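Below, each structure is written out as structure tokens.
Both of the next two complexes hold subunit A, though its partner changes from subunit B to subunit C.
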Partner chain A sequence: MKIEKTRRFLLKHQAVFTSILAVILAFAMVGILLLSTGRNPAEAFGYFIRGAFGDMFNFANTISRVVPLLIAAIAFIVGAKGSVFNVGIEGQLLLGALASAVVGWGIKLPKVIHLPLTLLAGTLAGGLYALIPAWLKVYRKVNEILSTIMLNYPAFFFNHYIVLNVTPLEGVIPATPFIQETAKFAKLVPGTRLHAGVIVTALVVVFAYFLLKKTALGYEMRAVGLNQEAARFHGIPVEKRMMLSFFISGCLAGLAGAVEMAGVHYRYLDQFSPGYGYDSITVAMVGLLSPVGAIFSATLFGALKTGILDMAVYTEIPRQLVTLINGIVVLFISAKSIIQERFKRFVKGKDPASLAEENK
Partner chain B sequence: MESNFLEIIGSIFSLSLGYATIRISISIIFASMGEMITERSGVFNMGVEGIMLMGAFSAAVATHFTGSPWIGLLVAAVVGVLIGLIFAFIAITVKSDQAISGLAIYLLGVGLSGYLLQAIFSHGGNTPKVETLPMIHFRFMENIPFINEIFNDQSVLMIPALLLPVILYFVFYKTPWGTWLRAAGENPKALAVVGKDPIKVRYIAVLAGALLAGIGGAYLSISQTSLFGEKMVNGRGFIALSAVIFGNVKPGGVFVATLFFGFMDALQYALQTVIPDQYFPREVFMALPYIITLLILAGFIKQSSGPADIGNPYEKESR
Partner chain C sequence: MATIIEMRGINKRFGDVQANRDAAITVEAGTVHSIVGENGAGKTTLMNILYGLYQADSGEIFVNGKKVDIDDPSAAIANGIGMIHQHFKLIPAMTVAENVMLGNEPRKAGLFLDLAELNGLTKELSDQYGLAVDPEALVEDISVGIRQRVEILKALYRKVNILILDEPTALLTPQETEDLFRIINKLREDGKTILFISHKLKEIMKISDRVTVMRDGHVVDTVEKKDTSEVDLARMMVGRDVFLRNAPPTKKIGDVILKVENISAVSTVHKRPVLRNVSFDIRAGEILGIAGIDGNGQTELVRALIGLQKLTEGKIILHDEDITHLSVRDMRDAGIGVIPEDRLKEGLVIDFDVQENLCLGLQRNDEFAKNGLFDWKSVTSNAEKLVEKFDIRTPSIKLLARLLSGGNQQKVIVAREIFHAPDMIIAAQPTRGLDIAATDFVHEELIKQRDLGKAVLLLSLSLEEVMLLSTRIAVIYKGEIVAIVDKDKATAEDLGLLMLGGSYEHIQV
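What follows is the complex of A and B.
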């Protein structure tokens, strides 16, 4: 029967539908908020679509926003799969951007070496910083959500100090000097922010996919994420794998910062990140912690970032709407279990008995 | 040269540093005392920063439109409770991960206060200047040295802030409510056995904590300054979390920890005016609360443990 088939399909992919439902609910809530503050949600939506995808330039800008979001989201996913909840991506990303900016500015090398070296510096800076909460979690049993969110502040203060007092200031904006031409990503579409870092992003997605799905190491990391005791029983070195998950997560976070620096700003700009680190958590959770899912959700949130710029210009709708949407989405995602419960009940035709059966 | 140096030291460690310490600490005292209540009941609310932001924002807005900072204060408390209710529902009733729920509340606070600020005032990153809560002047203090310089002419909110640790000490250890509260955090099943609902106790504790965080936020916008600016809480919510950990989830300890962090912040400001930045990285002071907290968490600084059941949802049937 056709209905039965749809039903089974819906139940099989209930996680995906729950995630989509949570996002829709969150957006409905945002719509209500827009209405109640005297803004027209339909008009806002129109400008948002136009601003994000309307023409070649807007689309290119949207993709350029997807770049740091997606890399950072992958960073979060690699951690989360290995039972590491890395909320410190923001701090690791900032340090990565600074380290790469220093390398990109301070040394002179041919392009083939300079750009990779610049990215590597950022990657390592993020990874090394992540080793602090990693060690705290693995060997001192410190909740990493708390430790990583706290470590975001010292990272920011450190960068602030370096930019103001160590590297030479050019002009009044707190920033490092511009990097050498050899350390920059080429622009893909002139006049937009879209740069060759997109290629790096694609590589990161492929890397994460293969690491998690196709390698023994990735299998072990995921085993630790699923059940530590069972993993230990099977001879997997749980502590080492957790440290590794955290390190790779930090490395990718640092890389996200480095790519954004070498592709868009060409220097470390104090406060250049509009919270990419925090956004990446939303992106990763909406994408169901899958590298492929993250492509879709990163596109959605990247589009939000550019779409809202247009919206803010034409409709008096504040650009802070993005952060608000983020908060509401995370809220709904964290309350996902009730949505999922309702979803199951709805699909099954409100039969509590069979629902109880299913839960067993 | 030497007398010059002494003069500088003297100008830093003057009584005005004590005054500034209290002034800076008041908002964090409300937040940390609130978080302490919440954590005692077995719930860890990482969203304090977000609640403080909404408290600060709603206080400034209500004061702007009514002209009365007292109404602003009341509105901030109510808004704090409402956001606390969202958190409590997700963390306690839905039993989501408390840390993720807290993160959601933090992001919600940043986004909602930022959005509404722009939506209502559409210009700049802050509200217009608003009326502030009165400062209080004690006649009797005038002749008492030290006390006068440090405690006189502070915000009226200093009084409840200084009384809170004492009141909470009595509530925690001398009343049945305190026993129930601590039982909810230590052994909720035992509490259920004596006929008290741990879920209800945790709800009340979360709401009380959120109310105080809202007031702590309000202090920032309608007393310490006279407007709300985007992201003005600036990490104080996380400092409050740190203070609760540093102070071992006990009224006296948390109070002292909060004053210590307040003092560090005041010192940092004072140093900023006399020593050029390149010789003295004030960022070190700003990062200090976070670093100290991590050292405590790592076990480098001895601490007895907090509530046993913290972070775990209460399950009625099983376990």
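What follows is the complex of A and C.
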């Protein structure tokens, strides 16, 4: 009976196990790759883990990488739950970072007001920018995957223009001037990138969970995400809810940019984002579009970014490997249904007929 | 007549469910043999075993008196057995002929597709059985009824002489069903054997030579059509007497609840009128049935009554209050409950769990939300109450609605709408696709609501259902109510004529 119980448990949480399995498979694949090029994967992964979690310093740096990824992933999740596939997080995040940098630099205020105002500016910039594809989708039936992807470019070049031509340049790096002390997050661990923005991140996760699970509004957004026709039939204003999902998604994306700006760079640095907006989609997917799941997957991807540094320093493996790992994880997550099918078959004891019945 | 198929002692188990137990069936060549039973009775499993999709745990299959092993569908086809599933397996982007020949295409010089031959062969086969299919049409452009014929052609092209049809009429309109029966008769004349899976008794009585009834995985009996009746078959299927023929008469009729005055509407798609001057009223304690052929304005009428269809003129009055221009939410709050015609698309969010579905549309009511905060405790207690009261069979209220059987999905909708609707219930096709026991449940509930003094508007494509339940019957034709008659004064023939556009005066003569 104990086996039966375990089996039930595994089947019930098959989505979670599939996600974990996909990540493990990706790492195994990288291991094989390292082995085949004459390197020692055990050694490499050892350095990797040490680099990501080995001491306070590394751990703090890892968490600081988690911050923008996690906020942006939550942005994607809130959109996806409300039937919006927001691939424009990168652009919204960049605009959010710029808007907050301008407010953080141009105004003098006491800290209790200045920092929140800085973050608010970023949040609104992202949200407002998202209203363009939102309107196009809801009222003009333009597919948001295309519109949001394309809108990432104007955002980037607009910022580029502002930094080079409008705000004063200090030095040779294209960037806005540094923000006021009153607009900065405090460092939590001196000498690392970890800053008090972690608290904002935690609040964002709680907010998303609360919104989606504990409010009538969240219920309606999820209903729209799963079945628009039924939602309409039951009196839910579908168009309004879709606009709102898109807006909140954009707001959180903008906030991710603002937090990164006010906690790490203290100015808008052209090309400061290594593609947080795009990575956030993978993070959200691996996290099964759940705010709680995203905490784990964001930690994994944050660790990838810091762990790989130690690995590159102590072994001869180039740090571009991180791109490869990322790519392979995405590949396996995309092939999730195959993995899930195999997983189910394995757990159930390989009866294809009963599987067919199950799938009906 | 010779026995063409015999299955003996078939057992099949899926996990905890014994889908077939000692099932046995004998089929004569050149007959239409129906296999009937409730959903889950094991009829499709038995046929899937014959077609090689499943392997029986034990049991034997004989084709033309010879014992055969059918390991997969290709073995079945080699034995002359073909099967057409409820959900077609066609490639939408290819033409009819390409689909028919798929995998066995005629070739030129062994390499190139012989298009002329391809289309010619398909045309020939189509004409032979009066299927009237255009070989060059793309499958994505043709109707469900025609797609089904393409499936039949596929089987015929593979020289099948035993054809299994799994609930072939489930997705068809009445007219398409007629056409299908014509084709089946033609196939029978040609010496083919048809195995017809269904739970629609009327159709079975119409098309079969013999009927095998299944229940709980075993075969209850096999009878000659001429020796049985719908009522007998229903009793064998369900294992007890059913409502089917006699609903208790209307008791006490009260005040007018809903009054519809001269409403008209045009379609948003092709701007044609879909409702023309529709007027009627419904009183407390009565069921007004709307009879009509599909596509005569029933869908639009329901949408109008819940605020989804814009009206060009007219008024809707509920309890002396004009609700014509209210939003969907406000209309439902005003006291209208609706069982929509499309259970999966409109009635449920199938990826919500049972408890979330049981408060769909009510999420803003005080019971479930306080200051915008969702009250999961009430959601759960509401679900527990309704599951118990309406006997919804689910292992947990946290199961996704997708995983419920069709009958139980409908119970979720009926429970929610009836329990929370104050006085007016609209039931659109409330029993479409349900088996007998579930249909019986819905009918009983509607009658119960009527006797509680609620007003019920019933729209159904089944004239039989309308006549069974209604106090009065309105006939809708091309968006117009052409007659409203008392149930006692209506005959099926008169109503049928009206539904087809005949005039009432003409009938009176």
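Quick note on the criterion: the second predicted complex is superposed on the first by the 355 of 360 C-alpha atoms of A that agree within 3 Å, B and C clash if a C-alpha of one lies under 4 Å from a C-alpha of the other, contacts with A are read in each partner's own complex, and residues count from 1 in each chain.
The criterion applied here is as follows: contacts are C-beta pairs under 8 Å (C-beta built on N, C-alpha and C of every residue); 3 or more make two chains touch, one makes a residue touch a chain.
Quantities reported herein were computed from a predicted structural model and do not represent experimental measurements.
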item	value
Subunit C versus subunit B on the shared subunit A, clash or fit after superposition	clash
Per-residue touch tally on subunit A - higher for subunit B or for subunit C	B
Partner chain in contact with A:Ala230 - subunit B first, subunit C second, else both or neither	second
Touching partner for A:Leu151 - first (subunit B), second (subunit C), both, neither	first
First (subunit B), second (subunit C), both or neither touched by A:Pro110	neither
Touched partner set for A:Asn165, first subunit B, second subunit C, both or neither	first
Touched partner set for A:Leu217, first subunit B, second subunit C, both or neither	second
Residue range of subunit C overlapping subunit B upon superposition on chain A, of 97-105, 367-375, 403-411 or 457-465	97-105
Intersection of the subunit A residues that touch subunit B with those that touch subunit C	none
Subunit B to subunit A touching residues, read off their complex	46, 50, 86, 89-90, 94-97, 99-112, 114-120, 122, 230, 235, 238, 241-242, 277-278, 281, 283-284, 286-287, 290-291, 293-294, 297-299, 311
Residue ranges of subunit A touching subunit B (in the complex, touch as defined)	33, 37-39, 85, 87, 132, 136, 140, 142-143, 145-147, 149-151, 153-154, 157-158, 160-161, 164-165, 278, 281-282, 316-328, 330-331, 333-338
Subunit C to subunit A touching residues, read off their complex	14-15, 19, 53-55, 306, 308, 327-333, 338, 340, 342, 345-352, 356, 360-361, 363-364, 368-369, 372-374, 376
Touching residues on subunit A, where the partner in the complex is subunit C	213-220, 222-223, 226-227, 229-237, 353-354, 356-357
